[in-house]
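Here subunit A shows up in two complexes: once beside subunit B, once beside subunit C.
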Partner chain A sequence: MKLFDLRGGVHPEGKKDLSAECPIRSVPLPKTLYIPLQQHIGAPAAPVVQVGDHVLKGQLIAHAQGAVSAPVHAPTSGVISALGDHAAPHPSGLPVPTFTLGSDGLDEWIALKDEDDPFALSPEDIAARVAAAGIVGLGGATFPSALKLNVSRGARTLIMNGGECEPYLTCDDRIMRERAVQIVEGIRLIAYAVGAQEVLVGIEDNKPAAIAAMQAAARGSAVKIVAMPSMYPMGSEKQIVQVLTGKEIPAGGRPADIGVLVHNVATAWAVQQAIRFGRPLISRIVTLSGGALKTPCNVEALIGTPVEELIAVAGGYAQPAARMVLGGPMMGQQFSNTNVPVVKGTSGVLALTASEIGQAEPSPCIRCSTCVRACPVGLLPLEMAAHIRASDLTGAVDLGLKDCIACGSCSYVCPAHIPLVHFFNYAKGDLAAQERAKLKQEATKKLAEARTERIARIERERTEAMAKRKAMREAKERAAKEAAAKAEAV
Partner chain B sequence: MNPIAHSPHAHAPISIGKVMGTVLLALVPATLFGFWLYGWPAVNLWAVSLIAAIVGEAFVLRLQSRAVKPALMDGSGILTAWLLALSLPPYAPWWIAVLGSLFAVVIGKQIFGGLGQNVFNPAMAARVMLLISFPLEMTTWVAPMQAPGLLDSLRITFMSQPIDGMASASLLGHVKTEFTRGIGLDQALIGHYVPMDMLWGSRVGSMGETTAVLLLLGGLFLIAKRIFTWHAPVAMLIGVAVPALVFNMIDGNHYAGPMVHLLSGGLMLAAFFIVTDPVTSPNTAPGQFIFGLGCGLLTWIIRTWGGYPEGVAFAVLLMNAATPIIDQYVKPRIYGRDRKGAALPANKG
Partner chain C sequence: MLVAAVVSLTILGTVFGLLLGVAARYLRVEGNPLVAEIEQLLPGSQCGQCGYPGCTGAAQALAEGGAPVTLCPPGGRALAQALAAKLGVDADLSGVEDKGPMIAEVKEEICIGCTRCFKVCPTDAIMGAAQQIHVVFREACTACGKCVDACPTESVTLQPVPVTLQSWHWHKPQAGSVA
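For the complex of A and B:
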């Protein structure tokens, strides 16, 4: 198949061999699980069970609320011991509303119903079941999958993202090697649900075993496996669409705008499990890697498992980690509290050494434009950073700040070690805050105007009422006077 | 606890020091060849240039209360002085090197705010300053392979001992002089233009500008190392060669051909080590091509019709001034947008 060219990109050291050859391991059932209400983009889920309730594995414990949201299910059987704050898997480590589930050790499923012929279901029904299973994009973006199915109905091309271009991560590699048949069925279900005519599975050519397994599983179906060159950020939505179709997603738009739907391969597995067996999303594959871990590997972890229990599965630390990261090294987030739980978007837990990170003190920009060559979007990172440093956010937006996908290619290659993406995300945050402040200001202004008008109206009404009363009183007095005069006259 | 760091949590094993070091490495063959060609006076001049730049930069950093070590260790000051030294006449007196180096790092770079802030290429700014202020010292050339002894060389560099019988003329200067006497190229080139000598560098000229082959090799090495791309160097060579070819075909007796231009003066050094200076050149590949083309074209124009025999330094400074304008108009197309910046249309087909 003809592949299309990409702009920019970088070739970081893969480090995938650390964990790629180790089959997916299971994790001992944790005693306590922490299940945040928000593990997806959109509104947090609303609790439907109470503290003290006994729940079964797969039971709904919080339902979706609002247009963009996803429900949450109990990852194992046990008793809800608390609904309160627990440290979030986020750099801040700030507490977020979280269920604490004390496992009863039985791991007892709720009654599930198998579907013998899932292709007999209507596309709407499939989307509804995907929504009910709490499935979100497992590549890391955690956008509710059913919503994507609904807005993309009629898309011509379904692209399954098996790129996994982040260094260290091998969770998609492993799941494609070990569960290819289920993934292909999930892909066919997704394709059926949106009515796609063309199904492409893009896998980077540094995963030959995964490509072979997927090709074997896809034989005889319309699902086409495509080997893509290994390059970061090949697995970014915009880039994989471009390399496979030659089309670009319009700025500010979605893949659906050009008749494309993109899902992650692990999401396809979750969809197959939900439609075929009725199992909600309560576990995921997580890569445990990094030079500071003794035995890097992949595990299938229940949502809510504290990260420190996974580190124990990886044999603990070989040396103190200079930095702990959730996700891949290019776009993942640093965290410090290892008691944070695995959530639906946790693709990896990395314990990195200082030499792996390779960070140095920033020095002046020499305008070498390595960042311009590396940017997959066609931005001028050095110019944007210069504008942001001078607090000129408008100038940075004019240069395309909002088109930045924060892939980190520019920061990775910068010989001056300037934290370019940090500048951009800071500016994006500041812009969002400014926009919120503007909205708030407008709302306040509207309220103030309404109040002034209301006061004016009340005042006006009172004056009118007074004038009316006065007129009545005068009329009365006049009438009385006239009556008196008449009486006198008589 | 470490402070929270933003992604990425991986970095390419590269630094400013490594970039500068690689460029210096690429200059070593041409420099050693220059030493061999012109002997000890060239070594003296080179050493004086470097020492003046280091001492001058350290002093200025001190004045600004800035950390001296990291700014010196990035190697940019040394590279500037090195390039300047290569562009000096090899028997020039020591104070030419000192003045030039100080001008380059202090006026050319630090006054603008240090590394990355300067508008003009410091080495070329210094060269132009020296050429305008001290035309005699800057155009006193010697023939190669004179091999003065160490003691003589110290006298040449530090006591400005007159170099009787050694003086010679560079090809471009010679041609220009001959034109003023009404002698055409067919006569002027005889004995002065030996293509093979020009190619490997045994000719009259600056310390490190004569060896086209070694400079070319250094440049190719840097392109292979991805320190810079081919755009600016190739464009500069095209910018000189194409008009030279066209005009040479129109009037071969008046306009020198492309090979004469490519192999003389400071063109090769400039094409691979000056117009590729990231600080003072545009930051997109097409921009760099335009920049290189402009440098080449202006060089040829100044050489052909200007008052000076060599125009590389002037051409580079003029194009340095044009760099912000080039950057303003030459930008990459952003993903999902057309060239004008409007979002691409939706197309569900």
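For the complex of A and C:
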């Protein structure tokens, strides 16, 4: 199959050999699990169970609220011991509303219903079951999958993302090697649900075993496995669409705009489990890697498992970790509190040594434009960063800040070690905060106007009532006077 | 000859005078349109913290160039930037919003339920009743500070807006990192 060229990109050292040959291991059942209400993009889920309730594995504990949201299910059986704040798996480490589930050790499933012929279901039914199972994009973006199925109905091409271009991560590699048959069934279900005519699975050519396993599983079906050159950020949605179809997603647009739907391969596995066996999304494959861990490996962890228990599974630390990262080293999120839980979007837990992060002091920009050549979107990172440094965010937006995918390629290649992507993340956050402030101001302005109007109305009604009372009183007095005059006359 | 000159000049003067009078009536400029545009940008809570009588007064002062664009504390940095762009001036934003966005908060232990604060709130952001503890709706509060002045027990104070996962974002890279 003909592949199309991609602009920019970098070739970081893969480091996947640390964990690639380690089969997916199970994790001992944790005593306590922390399940945040928000593990997806959109509105947080609303709790449906109370503290003290006994829940079964797979039971709904919080339902989706709002148009963009996903429900949350109990990862194991046990008692809900608290619903309160717990540190989020996020660089801020801020507390977020979280269920604390004390496991009872029985790991007892709720009654499930198998579906013998999932292809007899209607496409709407499949999307509804995917929504009910709480499935979100497992590549890391955690966008509710059912929503994507609904808005993309009628998409011509379904692209399954098996790129896994981030260094260190091997979770998608392992799941494709070990669960290829289920993944292919999940892919066929997704394709059926949106009515896609063409199904492409893009896998980077540094994963030959995964390509072979997927090809064997896809034999005889419409699912086509495509080996793509290894390059970062091949696994980014916009980039994989461009490489496989030659079409570019318009600025600010979505793949659906050009008739394409992109899902991660691990999401396909979750969809197959949900439709075929009725199992909600309560676990995921996590890569534990980095030079500071004794035995890097891949595990299937229940959602809510504290990260420190996973580190114990990986044999603990071989040497002190200079930096802990959730996700990949290029786009992942730095964290420090190892008591944070695994959530639906956690693809990896990395404990990196000082030599691996290679931090150096930034020096002035020499305008070598290496970042411009590396940018896969075709932006001018050096110019944008200069504008942001001078607090000219509008200037950065004019240069295309909103099209930046925050892949970090520019920061990676910068010979002056300028934290370019940090500038862009800051600017995007600040712009969003300004946008929120503007919305709030509009809302409060309406409130202020409503209040002024209300006060004026009350004042008007009071004067009217007073005038009415006065008129009545005068009429009464006049009547009394007239009566008196009459009486006198008589 | 002299009479002709006097008559023609008189006629010319009368005609032009009438023309000017008609033009002044039909082509009149109603107020300064800039004032209305600026008022659109302002919060509209009429809190008076700028020292002008309400947002209209502030808008007039801004349009005449008599007030700095940084005059509105509830509007904060974003408003100062918007005003600077509207008026085409360079704003010195260094003094603005040192404290970050603020919000009113009722200390429940010392609230006596006197209802004074919510009577002065320009955005109806405080709820309460006589002898009941009052609460602030964060989404509606503009931190205008009127309630702080009205409170007899100093129970209402302005606090920085608590950071949540939704509002958190990366700080600006330090000055040491050059670009």
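Note that in this section the second predicted complex is superposed on the first by the 448 of 490 C-alpha atoms of A that agree within 3 Å, B and C clash if a C-alpha of one lies under 4 Å from a C-alpha of the other, contacts with A are read in each partner's own complex, and residues count from 1 in each chain.
The rule we apply is simple: contacts are C-beta pairs under 8 Å (C-beta built on N, C-alpha and C of every residue); 3 or more make two chains touch, one makes a residue touch a chain.
Note that the structure is a prediction, hence the values are computed from the model and not measured.
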| item | value |
| --- | --- |
| Contacts of A:262 with subunit B and subunit C, given as first, second, both or neither | neither |
| First, second, both or neither for A:297, with subunit B first and subunit C second | neither |
| Subunit B versus subunit C as contact partner of A:382, first or second or both or neither | both |
| Subunit B versus subunit C as contact partner of A:433, first or second or both or neither | second |
| First, second, both or neither for A:364, with subunit B first and subunit C second | both |
| Touching partner for A:211 - first (subunit B), second (subunit C), both, neither | neither |
| Subunit B versus subunit C as contact partner of A:285, first or second or both or neither | neither |
| Partner chain in contact with A:425 - subunit B first, subunit C second, else both or neither | both |
| A:138 touches, of subunit B and subunit C: first, second, both or neither? | neither |
| Intersection of the subunit A residues that touch subunit B with those that touch subunit C | 91-92, 361, 363-365, 382, 416, 419, 422, 425 |
| Subunit A-facing residues of subunit C, complex | 43-46, 75-76, 78-79, 93, 101, 122-125, 139-142, 163-165, 167-173, 176-179 |
| Subunit B - residues contacting subunit A, complex | 1-2, 4-16, 18-19, 70, 74, 76, 114-117, 228-229, 278-279, 281, 283-285, 327, 331-337, 341, 343-349 |
| Subunit C-facing residues of subunit A, complex | 38, 88, 90-92, 94, 96, 361-365, 382, 385-386, 388-389, 391, 416, 418-420, 422-423, 425-426, 428-430, 432-434, 436-438, 440-441, 443-445, 447-452 |
| Of subunit A, residues touching subunit B in the complex | 7, 10, 12-13, 91-92, 154-156, 167, 238, 242, 247-253, 256-259, 322-323, 325, 329-334, 336, 350, 352, 356-361, 363-369, 372-373, 375-380, 382-383, 400, 403, 406, 408, 411-417, 419, 421-422, 425 |
